[in-house]
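Before I ask anything, let me first share the structure, which is written out below as structure tokens.
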């Protein structure tokens, strides 16, 4: 830790993290934020679903099947974003010993895995009418599958270590190694794909995406993003209670809500 | 107007099965992700209360 | 001081070789596994030479991946149990350098013999003679990557329940680029199409990235596991 | 940084998992001094020793060697410490002599070995077993081999975790006199032990003093 103390800016940042990252403070803050985030999520989902399923005109090539894009693409985006977020939280927790960041990383993993799983299943459901089979070794689907394995590995490692601090730090190193590797995995899979199926149709490689498709896509992406933040806060709140159960403030809280 | 009738909307231009399965699966995953943390949270509170009761009995 | 570090690294390296030489069964296990797995494939898919040739690069590379994964458990486990790993952590030299020496020894004991043995199995799998050079070359470039990346999960799972299976779960997804570049290189030189040089240089670039990153990551992992 | 002890610890706090074991721990140690750390099981004596020699990361606190933070010194500090933990760090496949030779090459940094391997083995009474693979040694003999490491490396600070386990009466006495010589030569020692041993000039250090009353 000493090696980072030298930079005044960084150390001020760390002080800030330690102050507002105190689990007790964050527990209250998150409790107040959850309803608002949930409301925004619900609103975005209603609008996005209406626009995506009803308002947007059918695609001239794919007909109405392309509407699967509005769940597939946001989930694929979120699956990758969640991994990067998870690795950043994990690294923060590991390097500066910030417990809240450990907890955030742990809470992100199952959500990220869900996004990945949804992206895989909806991709397969989209592929069937387009390619005629349930599974094609398409570059995006393949790297999504490997990403799913990475999430599973992260969660398995977390689950198999009892000491919460060691579990957090060990999985943090795994996440960092994963995040360095993901671009390489991605690149290698695309490289491999172009070697074997040079002329195949990629689901989202249309020459242009119309504005009528873009608007629902963006709104659905925002919806899934806010959904992620909402559920992150909910999960983090329970995890804080578990990890702080020996502290006075949790005892007081439990006593007051009996 | 993209669809003129409700049944046309349900038919999704002949891709009903794929479109509705995809949205259904996504909805299911979202639902599980909402319900599971809530159940977990209840369990946490139950154990916390029980542990506190035990600790106070000891005193 | 430089000479001190180097001689410490050499000491770790040679000691590792000596220890493994004295319990040679563990080295042999991975190698025999490699041989048996590749032998099972013709039995499963039939002895048709053309079919075998098409599959050979993939089969040989997947078998190499699995054999290395199997051997990762020996990398730190016994040192962890007898406490010499703990001693390594309080040595007056950078841990990542000493870990690098250990990984190098691991490669000499698993990756290198595997690469040297592969021509025999390539003949078994009906791989054309002109591709055998590329096979050995790709294994020589690729197996160090496997040892280096594998050291991180091996260190993370020390003393963890279900450690052995967990290592393969954690490490195999990270191995995909090696598998792709390695197997494609062999396939390219077996067929007429692309030159295998492109794949081999990608493999080399990946090795460069991993050499600079993995020793640091695995020493950090060891510090966490022994905390 | 004058006026500091050679080895000083201030405000140290350590945790196991999410439970804080002790906090606000301070101690001072100067050349020729030794500390006998006491306390019932589970207080964190081993954790304390591991934190002091840099094996585990403390929650808070300031550990200084010659006035500088040990975390900044890193390997420089490691070159001053000899640690013998619960585990012996003895490799079963190597002979007793090979184990020590390896320790010299991997751990002695620059400086000459204080004692030759043969002399060190003789001192701990393992001279006859020098060429025997270490896995054939008894528990007590392995322990003595681990302690022989202290002799082949010239380190001012000894951190010993239950060094007397598995040792017979004669070996306990011999180790005590070894530590005595180390202190007389200006060395420092931190010892965790449940076993009684006689060592003139050693101070007691009660860890329980820094632990919160546990629920």
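The letters A, B, C and D name the chains in turn, as written, and every chain counts its residues from 1.
Rule of thumb we're sticking to: a residue touches a chain if its C-beta (ideal position, glycine included) is under 8 Å from a C-beta of that chain, and two chains touch if they have at least 3 such contacts.
Keep in mind the model is a prediction, meaning the values are calculated, not measured.
Using mean CA coordinates as chain centres, what's the gap between chain B and chain D in Å?
55
At what distance in angstrom does the C-alpha mean of chain C lie from that of chain A?
Whole-Å distance between the two chain centres: 32.
If you average the Cα atoms of chain B and of chain C to get two centres, how far apart are those centres in Å?
Distance between chain centres: 43 Å.
When the centre of a chain is set as the mean of its C-alpha atoms, what distance in Å lies between chain C and chain D?
Here the centre of chain D sits 37 Å away from the centre of chain C.
In chain D, what residues contact two or more other chains?
57, 215
If a residue has to touch 2 or more other chains to count, which residues of chain A qualify?
If we look for residues of chain A contacting two or more partner chains, we find 165-166.
Once you've mapped the touching chain pairs, tell me: line, ring, star, complete or other?
Other.
Kindly provide every pair of chains that touch.
Chain pairs that touch: A-B, A-C, A-D, C-D.
Please give the residue numbers of chain C that touch chain A in the complex, ascending.
149, 152-153, 156-157, 160-162, 166, 169-170, 172-174, 176-177, 180-181, 184, 194, 202, 206, 209, 213, 217, 220-221, 224-225, 227
Which residues, counting only chain D, touch chain A once they are in their complex?
The contact residues of chain D facing chain A are 15-19, 57, 59, 69, 71-72, 215.
Residue numbers of chain C touching chain D in their complex, please.
1, 4, 7-8, 10-12, 15, 18-19, 22-23, 79, 81-84, 86-94, 98, 223, 226-227
Quick check: in the complex, which residue numbers of chain A touch chain B?
Residues 49, 53-58, 63-65, 67-68, 71-72, 75, 110-111, 114, 117-118, 121-122, 125-126, 128-129, 227, 231, 234-235, 237-238, 241-242, 245, 250-251, 254-255, 257-258 of chain A touch chain B in their complex.
Which stretch or stretches of chain A touch chain C in the complex?
94, 146, 149-150, 152-153, 156-157, 160-161, 165-166, 169-171, 173-174, 176-178, 180-181, 184-185, 187-189, 191-192, 195
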